[in-house]
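Take this structure, written in structure tokens, and hold onto it; I'll ask about it next.
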Amino acid sequence: MFKAEIKSDTLKGLVNVISTLVDEAKFCISETGVNLKAVDPAHVAMVDLTIGKGAFESYTADNGTEMGVDLDKMKDMLKLAGSGDILSMEQDESQGRLVIKVGNITRRMNLVDTAGMNDPKVPQLSLPANVDVAISELQRGMKAAESVSDHIALSADSESFELFCEGDTDSVSLKLDKNKLAGISATSKVRSLFPLDYFSNLVKAIPSDTVVKISLGNDYPVKLSFTFADGNGNVGYLLAPRIEND
Amino acid sequence: MFKAEIKSDTLKGLVNVISTLVDEAKFCISETGVNLKAVDPAHVAMVDLTIGKGAFESYTADNGTEMGVDLDKMKDMLKLAGSGDILSMEQDESQGRLVIKVGNITRRMNLVDTAGMNDPKVPQLSLPANVDVAISELQRGMKAAESVSDHIALSADSESFELFCEGDTDSVSLKLDKNKLAGISATSKVRSLFPLDYFSNLVKAIPSDTVVKISLGNDYPVKLSFTFADGNGNVGYLLAPRIEND
Amino acid sequence: MFKAEIKSDTLKGLVNVISTLVDEAKFCISETGVNLKAVDPAHVAMVDLTIGKGAFESYTADNGTEMGVDLDKMKDMLKLAGSGDILSMEQDESQGRLVIKVGNITRRMNLVDTAGMNDPKVPQLSLPANVDVAISELQRGMKAAESVSDHIALSADSESFELFCEGDTDSVSLKLDKNKLAGISATSKVRSLFPLDYFSNLVKAIPSDTVVKISLGNDYPVKLSFTFADGNGNVGYLLAPRIEND
């Protein structure tokens, strides 16, 4: 059983992040909140997202509830909601449907079969550099990077964090010194290369007032993590590196 | 002879409604105002629209004047007009043209031959249910409905009005109780099914501050009617039902 | 050597005007400012543009510096800049690159080979009619004209200035009397026909608060000239006439 109400802005942010990786996702629901783990079809990135009960306006659920949701349908409903609107959701177990309400509009949507959806195992990484940065800084950088290359190098030392894209004729860099960051710690200089589209899609999907923690190593996956709904929810996103051929 | 000035907003609303059904239309003009009747090529819907002299800023016309107008050209001119701008129109009988002015811009457009345009006969219907509803309520519902099905069921009883769309996997409903409506009267519960695209295009074309009267029966055409320009104009729109195959 | 800072709005206006004619352009740089002359591939129009040192926030350059610039890349950078942002540019002579900075973002772009770019010779024309007009008046006219024809006639006498488009079925005119103009002088009535797309693209590229001088003759090129950056820059644009076949 699952029945809950949530601010449309909160849900919108989450659905945008998840749908950079998958079209359908399995929500694992318990009495204390909702968890979702998803890996994109190419196995390049993974998201691990928890929405605590406190992120909801109201929340009732049984432990062990699972729902497979078509995220495009969820987005359709979110488009109807204005900022500040409350969305109500209720599982209709007898029909295998999720009933979503926004204002006077009710949509009953078939749930997706979760049989083929495995629970990815989230690796525990210990990464030597950590940068706290306002996502809005990165969002502008992404626009510049996209015209130049399809790879992006992230690097950090104890003084600064840099995004660097090198194309055949041009290069773009976004360099943020310590004083432009919410925090930085690095035991050494680290650098890894990533597919630009994954990184860019994620950065653009994150609500623009978010501060993101970027954890980085040398030719190692990057982890982006942030909280939402006054700390009642948190997202971890892992992206695999590309090998540099110099 | 026809010479008139009208607020661009007033004309814009009307042209948008008419052009959901036809690309060209015959305006029948008399000393007291303008009437237009049009049926779409598939004979599924009909509009009957009257613009009284009082809806114009200035108005001079001879009885029996007819003008065939290409609505896309009219729309082009309306795009040049800001909200509050006045549009002036004058028939140039010698050249078979309509001269439209917005600000310093003058467009002389060839009129369309009206020989092949018949005057459709507007049926008189007595419909058992009448609902008065703010069009803005329906506009949001249309956005939800379009992703689900290409038919829409309208139903009403003495307590509520409902729009319902059923697709293969999902359904969407917009239910408005008595207290969400400007008025409702129904002698019995009625329900009819309609093509969603016609209904949706009309709802989206109606200015968003309009209250519309929806007259409904059982497997019967729906009539939408509303006034504009402080009651100096009125629109009646009839849409044929689809047969339900349950 | 070239190193300068400029308001993004100033540069945006210029790049928009130049890129109606060419994709790549040669900037000829001296101690006192920058000059650019460009002819479109079809040799129908020419732009001659000077940006004085005073139009820049800071400016250092050696005489005889030349830079070939890909305007699309410049536009990409300008899209990152908000209104009021300062853009810094510096030539990297050793690598043949231009380094552009907006905020924390740096783009290093390869310069374009200027060997094949000739300096067009700007003809000196003495044109009998001169009209000073707010470009915003013309911008609205362009929207109306585009749906009607692909040629536009400009005419002027001592009392008024007119843009006229004649299509197969419709015509559009924008007529501005003396009192709607910032100035007009004409020794006789003059009229020339021009390709609408060139004229329209230019008019739309000019910042909307600009007053433009239009110099006109009989079946003769039109010259549009205007200043920018508080008179520190000026643009001359010449467009060849089309022959009228009446």
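Letters are used for the chains, namely A, B and C, taken in the order the chains are written, and counting of residues starts over at 1 for each.
Here, a residue touches a chain if its C-beta (ideal position, glycine included) is under 8 Å from a C-beta of that chain, and two chains touch if they have at least 3 such contacts.
It should be emphasised that the depicted structure is a prediction, and the values quoted were computed from it without experimental measurement.
Asker: Quick one: do these chains touch in a line, a ring, a star, all-to-all (complete), or other?
Answerer: complete
Asker: If more than half of the interface residue numbers appear on both sides, call it same; otherwise different. Which is it for chain A and chain C?
Answerer: Counting which numbers both chains contribute, under half are shared, so the two copies meet through different residues.
Asker: So the centre of each chain is just the mean of its C-alpha atoms; given that, what is the distance between chain A and chain C in Å?
Answerer: Their C-alpha centroids are separated by 45 Å.
Asker: Tell me, which residues of chain B touch at least two other chains?
Answerer: none
Asker: For chain C, which residues are in contact with chain A within the complex?
Answerer: Residues of chain C touching chain A: 73, 76-77, 79-80, 102-110.
Asker: State the interface residues of chain C toward chain B in the complex, per the touch definition above.
Answerer: 137, 140-141, 143-144, 147-148, 169-176, 180
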